[in-house]
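Which chain is which? They are A, B and C, in the order written, and residues in each are numbered from 1.
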C-alpha cells in the first residue's frame, strides 16, 4: 500500500514524463510490438496470437453488444448474491469466533485449514443440491468468500487495541455504543480487506462454475468463445473481465481507505 | 469469565470443536437414514467411508495423487525460480520496480485462472496447460514478497556488510537474501497454495490429469458416495499440504 | 456531599478522612490471584485529594500504580476498602472521573476534533455545539489548526494532547492520568508539563497523576505520594511548596533539586528492591 502511495506521489510531482512513466510506456510499447510481430509472422498456430487490431475490434464489438451486458448482469447478480450471503454469514461467524476465545479455539482451525482448499471441486455437489441454474454458481461463490471474510473478521476483532476498549469503558459507553463507535470502526480495515479477498474468490468461484456448466454469464461466454475458437473475442472478454475485477478490487480498497489514512 | 476460563484448559476447546464435527456427521447419518434428507443428493457418511476403499483400488487414487503431486511440484519449482529471480531483479533495478510493482500487485488480485481456456488452446489438453496455469496464478505473490523481503532488510545489516567491504554479489547472497528468507517464504507459501488450488481446479475443469479429473469422472457417472469420498480425499490432501508448509515456514522463521 | 462522604467513610481511622477530599481512598487493598500465589498490588492505601489539587503518585515499576489507576477509574470494580469521588463509592467508571491512558489511545478513524468531541457526542450534544466546545479544548492543549487532521498525521506528543483534550472535554471533576507522557522524549515531556500546568491554572482542575518520573512529579504537583515496591503501600507523602504559576524553568532551581533529591532517596530503596527482584528493567528510567 505504501508503495502505491509513493508511486502516486511521484506521478503528481512530475505529471507526464517521469522516468517511471517512460519505463512503463516503453514496456507496454515493447510488448505490443512483440505481440504484433508474432501475430504477423504466424509462428504460432493460426489465431492463437491474433493481431492487435482484431482484438481491438473484438473489444468494441463486445462492448457495443447488448447481449454482453445481459450476461454481465447475470454474473454480477450471482457474485452480488454470493458476496451478500457469504459476507453476512462470514461476518456473523467471524464475530462469534473473534469474540469468544473458546469458540475461536474450537472452530477456527477448521476454517483456517479449509479456507485455502480448491472450492471448484464442490461444484458437482452444488449442482446436485441447487441444480444447473444460477443457484449453484451463487452457492459456489458463497462457499468461496465465506472463509476469507470470517477469518478476517475474527482476526480483526482480536486485533482491536485494548486501550480503545478501556477508553470506551472510561466514558461509560453502552453496549450498542461500544459496538457502533469502537468495535466496528476499529475493525474497518480487516472487514474491508476480508470483503476484498472475498470478492476476488467469489468472482473466481462463480465464473469457473459458469465455464464448467451453464448457459448464461461471462464464464459461459468465455467457454463459448473457446469452443467456437473465436480467439479475438476470448482475448477481448478476458481483458474486459480483468479490468473490471481489478477496478472493483481497487474501488473497495479505496472506499475502505486501505491505501490512505482517510476514514471509512 | 467462566467461558474464558474454560478456553484456558488445554485441549478442551479443540475437543469441543471435534465433538461438534462428529455429532454433525452422526446427525447427517441419522437424518438421511430417517429420510429427512434425500439420500440421492447426500449419501450417508457411512457410505462415503465405505467407498474409500473402492475409490482407492478401482479408480487408482494413489496414482492420480502422484500425478497431481508431480504437476504441483513442477509448478512450484517454476514459481520459486522465476518468482525469486524476478523479485531480485526488480529489487535491484529500482526504476523497473517502481514501474511494474503495481502491475504485479494487480495481477495478483486478478482472476488469472479464467485464462485456462486460452492455455487450453495454446498447450492443448495436457499437463503443460495445468502446470502453466498454476505457475501464472502462483507467481505474483512470490515476486511481491521477494521484493518486500529484500527491500525490508534492516539498514544496520547492510552497513555491517559495507564495513566488511562485501562485493555486490556477496552482499546479496550473504546479507540480503538470508535476511529476506522468512518474507520470501511467506510469498512461496501463498504461491504454493495457489498452485495446488489451480492444479486441482484446472484438472477438474478440463477433465485431465489427477485428482481433479477423478472428481469430474465420478460425478459424471453419478457415483455419489465416490464423488464425496474423492472430494474428502482432496480436502485431506490440501489440509496436509497446508500444514506441512506452515511447519516449514515456522521452522524457517528466526526465533523472535 | 460531605454527609454522604462521612457516611461512607466513617469506619476509617486514618488521616484520609478529610471531608474536603474530593477523591478519598480509604484503606484500599487489591489482591490478584496468580498461579504463584496471591499478589498484593495495593496494600492498605489511604489518601485524600482536595478540590483543585494536583496530586501525584510515584513509585517503581511493579508497585501497583496502574492498579490504583484502574481502581479509581472504575475499570477494576472489585477491591477491599473504600474509594469515593465526591462521596460516591466507585464501582465502575464514574462520570466525575476522566482518564488519560499511558498507551496511545486516540481513535485512528476520527479527526482531532472528532476525537475531542467524542464524550460530548456520547452525551448527545448537537454537532455544532460540541464542535464549538471541542475547539475550546483543542485550543487549550495548543492544537489549533490541527482540528481536521487524523492522529496518524500527528506526532506522539500531539496525540497525547488530543487524548488529554478529549478527556477534558468530558469536564471531569477529577482528571486521572496514568504516565501519560512516558512514551515521549524528555524535552517534549517538559514542554507538555508546561501545558498541563497552564491548563491546571486555568481550570483549577483536580488532578491525579500516576508516574515513575520524579522531575515530572515535582514539576507539576502540590503533593506527591511515594509508593513502596510490592506490596504497594504509602511510603511517604511530600508537600511540594514551590510557587505557582510554575513553568518548566523551575526545573533548574535549588528548591526543585532539593525535592527531587528527597524523593529519590525514598524511591531509590524501593527501586533497588524492585531491581534485585528482577522486576525493575524499566526502573532506570525513573533515575532521569
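By our rule, a residue touches a chain if its C-beta (ideal position, glycine included) is under 8 Å from a C-beta of that chain, and two chains touch if they have at least 3 such contacts.
Everything numeric here is computed off the predicted structure, so don't read it as measured data.
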Dominant interface by contact count, named by its two chains: A-B
Chain separated most widely from subunit B, comparing mean CA positions: C
Between subunit B and subunit C, centroid-to-centroid distance (C-alpha), Å: 52
Chain centre separation (subunit A, subunit C; CA means) in Å: 49
Cα-centroid distance, subunit A relative to subunit B, in whole angstrom: 18
Sites on subunit C touched by subunit A in the complex: 73-75, 92-93, 95, 97-99, 101, 103-105, 107-110, 118-119, 122, 150, 152-153, 170
Parts of subunit A lying in touch with subunit C, wherever the complex brings them together: 161, 163-164, 166-167, 169-173, 177, 181-182, 185-186, 188, 261-264
Contacting residues of subunit A [partner subunit B, same complex]: 3-4, 6-7, 10, 19-20, 23-24, 27, 44, 48, 100-107, 109-110, 113-114, 116-118, 120-125, 127-129, 196, 200, 203-204, 207-208, 211-212, 219, 222-223, 225-226, 229, 231, 234-235, 238, 241-242, 245-246, 249
Contacting residues of subunit B [partner subunit A, same complex]: 3-4, 6-8, 13-14, 16-17, 20-21, 41, 95-96, 98-102, 105-106, 109-111, 113-118, 120-122, 193, 196-198, 200-201, 204-205, 212, 215-216, 218-219, 224, 227-228, 231, 234-235, 238-239, 242-243
